[in-house]
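There are two complexes below, and they share subunit A, which is joined by subunit B in the first and by subunit C in the second.
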Partner chain A sequence: MEQENASVLIPQKTSPITSFYTKPRKPFKEIIIERILLLLTILSSILIFFVMFFVISKAVPVLKASGFNFVFSGGWDDIFSKAWQAGADQPVWRFGALPLIAGTVLATSGALVFCFTFGLGCAVFIEEICPAWLRKPLKSTVRLLAAIPSVIYGLVGLMTVVPFISKYLISNELSLRMIKICILDGTSLLAGIIVLSMMIGPIFIAMAGDAIKSAPKRYKEASLALGLSHWRTIVKIILPAARNGIVAGAILAAGRAIGEAIALSMVTGSVANLPNPAHGLVFFLEPVRTLASTIVDNAEGMSVAACESALFACGSVLLLTCVLLSLFSRIVSGNLRQGGASNN
Partner chain B sequence: MKNRLLVVSLVAILTLLCAQLAFAAGNISVLVNGKALSMDSKPFVTQGKVLVPMRAIFETLGASVKWDGKAQKVTAKKGDVEIALWMGKKEANVGSKSVTLDVAAAVDKGRTVVPLRFVAESLGAEVDWVSDKNTVVITTGGGGAAAAKLTGSLKMSGSTSVQPLAEELTQTFMKENPKVQITVTGGGSGVGISDAADGKVNIGNVSRALKDTDPKGLVATTIAKDAIVIVVNPKNQVGALTTEQVKKIFTGAITNWKEIGGKNAPILVNSRTAPSGTFDFFKEKFLGEDNVVSTAKQHASNGLVRQAVAANENAVGFISMGFVDSSIKAPKLDGVEPTLENAKNGTYKIVRPFVMVTKGSPTGLAKSFLDFVLSSEGQSIVKKEYISIK
Partner chain C sequence: MFREICGRGALRIIRTIKGENAIGHAACWLSGLLTLFLLLFIVIFLVLKGIHAINWDFITSDPRPSLNQNLTGGILTPIIGTFLLVVLGTLFALPWALATAIYLAEYTEGNLWVGPIRMGIDILSGVPTIVFAIFGLAIFTNPHLSFFSTMVEEVTNAKAFGRSFMVSSITMSMMVLPFIIKSIEEAIRAVPSAYKEAAYGLGISKWRTIRKIVLPSAISGIITGVVLGIGRIAGDTAIVWLCLGGSMTLTGTQPWWHPQNWLATLQNTGSTLTTYIFYSSPAGEGNSPDKAFGAGLILIVIILALNSLVDHWGRYRTLREE
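Entry: the complex of A and B
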């Protein structure tokens, strides 16, 4: 057998063309392995649909009873405790998750703004400006940051960001003035935004960096040859050419931010409070709670059917948002290829 | 050279060990299901653990023993439970799970001795220490692996405070008895009592002692006790609170520490999420029909409340007594220091029993479950957050 295999291999190596035309029969082992891989692929894609079906089917009772009120009305904490205490004969099915959805949107979009401005700068520096010897260590540092588990970010945030905010941004008077509306103790929307942008920053930097790198070289060369400065080339030529890739990166980062539970549960304040923009900048110091952290915080309530269904309803809102975001990022990066930005 | 050193040190260690053992040896007797365990050498205590000759205990408990001299390893098998111990090592395996022992198995006067409690409990027996008689009482049957044959289903309802504990207990019980199905629902202590009296459930969970007005014929088994402590930051000057003040703080009527003898600073209220039994008890004892102020931070566990109070000078919260440590301060409540001792002797009032009630004396699966709850394994689950009754 060994001998035979070797003799088949040699002509392939020396004349690739003949081997291309006379397809040697695949060894049995390979066929088996390929079949197994196919099976696994099918299984994992079925799994995704199964998860979606499961989550949504569990969420149906609450979503059906609450309708659009689930998205547009508040009072989550009160309703949840009522649903928990209710007897089996009169369960509470109508929930309002507005503060949670608002908290999720605010924290995510805040983090996106943060990480878009700083992260884009970082990506441009790494790919275009940074001296060659520094590029590799910088890139691997960014990748390393992306691999840190979120609970670590949460812990660091809780030990550094939260005390910082409570010490330097919240005065005793402010806290006293706001005490009837909400508790200001440092765990806040701002802390959530900072921790989240730390978490999704590395992903965005890596994605944006790849997009910048894959902007066609010839554009850059042409621009420099025409006498534009390097800086102007970056702003006017490279970034526009990489635009779609950068947007796709931002969307993926948003997907991660929306689903983040543990870290935010630790730093955003664990109360379903709807921050009021009328309070000015204090808005950012008010506590919030996101959909994902609500699922973590209230998980103890799972044994009551209504509470369980309400948490799954939060989950299905998250799931749908993430699916939409992922589709959207596919469309955007699809445009990227059509736009001719790909260099192979 | 190296070998000799090894032998010398081994001998030294063994001599020391034996000396210590001989010193600690009292007259300990071991009763298995009421009968004295016959042993060819005396059991003894080391570091608070009773060690007995391996053969005697394993054979009495009906386990087969294998000795692997090369690995210095003892394997005992009973039913589908297999445990493995190594001489002089503090690790042991129960099934595929590895556990750390307080005291390793050893060789004493030519006999291999093993830690009694570990061995007996992993083989599904119950172990009790009667200290005034210097006697270890082992009961086989009932909970643990010996009860693996249990089948059927149980229904429980009642107190939402007992519910988390009941669920944790049932989960462990069901894991050990895969053919048993137990469902736990809430509703409150009242529901637990009426459901149990009506025969709708096998066990009613109640977070108070039974009263005269409760239906007749119910038998209560106290499974645990729970005490709750109000905690503040150690930097807080307030050293004593009254029940009335606590109520005002948590309902938002008092929002400044100044009003109760502290400095001019806001009171940051930390509460628990609704499903928490601790919250339920707190509400019952302090708030009655009133609700916690809606601005209160909601935490998912005692540990998180403690962390939040430890982190902020102006914070206040309530936690189960088992969670009190030096990172926070527990002010006197109505003049009483909230300590475990005061909770046990009844001076500290914020204590309540967790009771499981059955219609008549518990029988069948309900009895097996309650036996498990009262066993040292069940009580070790209780101990995690509540006051064990033993």
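Entry: the complex of A and C
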């Protein structure tokens, strides 16, 4: 008995001492604080799952009833007003959001084309070409433009771009000819593209500028030392080296463009119209509506369950697209960090 | 004037850099100057259109519904609404963002699961504000959360209204969270590790080091993050339009400035400068564009002032580091 007691006692005596030297124990308060911080951190990281869960679960009735027709069939406005007027006993669950998705894709891709051409030029200008005295004001300009609220872009676009289009691009005969299809009053896909490219341009310029700046200096020096001109160095060396960052910037800008609601709801006409490419250039003058601005425009329909679910379905399409774009942008800029510059 | 300057720039380029690609250079000059002129155009346009609307009466009177533009009143309650949202949104977002940023910057050495956490926050920053807005509605129309807004009377299935200052400021704080986290984390990481090592060497615990050494050294970066968040909250429209509703005046128990009515005001709806602009523009229902320009001018002045504040803090920080 005594021996057993002793063998139990000895480790008990020594264990606090050894553990003190091998691994100092943190004070209780430190542990508590660390746990609280960890909890809040995990909370902010799983917030995205909460958002996805609630938005998609509200959208399920419409998505289930419509299936793939939600993406491939049209007639949003008619169905929406039908669902709005339908009684509680026979709700309308089948919606078709093709015009909205087409509007979103058209406006976003148009704006991306615009802002890629001008934005890349501007980023190269800021980082490589412009005289030193102009660089600082230009950089502040880009930052301020990125900070201007979207409703102000919408207001300025509505009061300048839209009247310009209706005055100079739409003639009376044209609007008479088109009156059966849609009303041409200047609020159009073109106005949306212009306003949207003004909005996402600064974001793209800032990202592309960072990418160009972080291209290795020695590439540029080596190229210049080999006798290439500055312009050729930019086109052949710096831009390829910064390619991944530029693409990541474009993806980020696309995500912003897809989710833009207010400004587009102000300038694109708020009609769920599917522009017809057969009309030639009039295509760009026809009103459209994007997924995001639909939620703003039809917000009063939220009191009817079917309409609410349809708007949440639009929201979940938006959300999933933006999550995919974020992941994609992460992958692309991850390649950048691994030295994507040297792969050709 | 625009064409003249562009033409002069292009000519100068062609003259000075013979043999290089003049067209490319000209295109770059053009797009650079285009960006500069875009900002000037927006600001000058707003000033020209909005300056007439702004007077003392415009700032100190409530909006009134009227078809006559001269009778539509002022923007007192939208300004108060913006102020309320900014203060409440920052109050909710700052402690949360600070905790997350401290954890990510100081406690994550050698942790493998920090990658997924970062990814979640990263993706959150790409979620459109309109999605946050309907998320806020989905959460706060739950009858159990009716404390944050009011209950809807006379409906068969119980439902909270889901639109109030509290709802929209909580939604706003989720929206700005990733941006504030990123900014604060960068600031904390920029604190020289010698400071921390000195504190540890003196036997100060980790949390005390963070509280007394790291956070005070990173204060300018934290302020930058908060100001950026304020700019985002003040400039957002989608969340306000859906989670605060379209009523222009404060709908809580009147008069709203009495302390016993403050809670009711927060539980009820109102407007901010952004929704006022949206509502008064020809796109909304108010149809008083001059007032919209006045409010737009005030909003853009606030945003530009906040941004120059950030610039100032940033410069101060870099100067001190040198």
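Following the convention adopted for this analysis, the second predicted complex is superposed on the first by the 300 of 344 C-alpha atoms of A that agree within 3 Å, B and C clash if a C-alpha of one lies under 4 Å from a C-alpha of the other, contacts with A are read in each partner's own complex, and residues count from 1 in each chain.
Definition applied: a contact is a pair of C-beta atoms (placed from the backbone, for glycine too) under 8 Å apart; a residue touches a chain by one contact, two chains touch by 3 or more.
What you see is a predicted model, and the numbers here were worked out from it, not measured in a lab.
J.: Which term applies to subunit B and subunit C once both are placed on subunit A by superposition, clash or fit?
T.: Subunit B and subunit C clash in the superposed model.
J.: Who touches more of subunit A, subunit B or subunit C?
T.: C
J.: Taking the superposition as given, does A:Val296 touch the first partner, subunit B, the second, subunit C, both, or neither?
T.: both
J.: Between subunit B (first) and subunit C (second), which does A:Pro287 come into contact with in this model arrangement: first, second, both, or neither?
T.: First partner only, subunit B.
J.: Looking at A:Ile152 after the superposition, I want to know if it touches subunit B, subunit C, both of them or none. Which is it: first, second, both, neither?
T.: It touches subunit C, and subunit B stays clear.
J.: Should A:Ile36 be classified as contacting the first partner (subunit B), the second (subunit C), both, or neither?
T.: second
J.: Given the touch rule stated above, what does A:Asp78 touch, subunit B (first), subunit C (second), both, or neither?
T.: first
J.: Just checking: does A:Phe95 make contact with subunit B only, subunit C only, both, or neither of them? Give me first, second, both or neither.
T.: neither
J.: Which of the two partners, first being subunit B and second being subunit C, lies in contact with A:Ile183: first, second, both, or neither?
T.: first
J.: Let me test your reading of the model: by the given contact rule, A:Phe70 touches which partner, first (subunit B), second (subunit C), both or neither?
T.: neither
J.: Is A:Ile48 contacted by the first partner subunit B, the second partner subunit C, both or neither?
T.: Only subunit C is touched by A:Ile48; subunit B is not.
J.: Looking at subunit C, which part out of 116-124, 260-268, 296-304 or 314-322 clashes with subunit B after superposition?
T.: It is 260-268; the other listed stretches have no clashes.
J.: Which parts of subunit A are in contact with subunit B and also with subunit C?
T.: Dual-contact residues (subunit A): 158, 265, 270, 296, 299.
J.: Sort out for me which residues of subunit B touch subunit A in the complex.
T.: 157, 160, 163-164, 167, 184-188, 191, 252, 255-256, 264-269, 273-276, 291, 294-300, 304, 307-308, 311-312, 314-315
J.: Given the complex with subunit A, which residues does subunit C contribute to the contact?
T.: These residues of subunit C touch subunit A: 17, 19-21, 24-25, 27-32, 34-36, 38-39, 42, 45-46, 49, 96-97, 99-100, 102-104, 107, 116-135, 137-139, 174, 177-178, 181, 205-207, 231, 234-238, 241-242, 274, 277-278, 281-283, 289, 292-293, 296, 299-300, 303-304, 306-307, 311.
J.: Enumerate the contact residues on subunit A facing subunit B in the complex.
T.: Per the touch definition, subunit A meets subunit B at residues 77-78, 80-81, 84-85, 87-88, 158, 162-163, 166, 172, 175-176, 178-187, 265, 269-273, 287, 296-301, 303-304, 307.
J.: In the complex, go through subunit A and note every residue touching subunit C.
T.: 26-27, 29-30, 33-34, 36-38, 40-51, 54-55, 58, 117-122, 124-126, 129-130, 134, 137-138, 140-145, 147-156, 158-160, 198, 201-202, 205, 229-232, 234-235, 252, 255-256, 258-262, 265-267, 270, 292, 295-296, 299, 302, 311-312, 315, 318-319, 322-323, 325-327, 329-330
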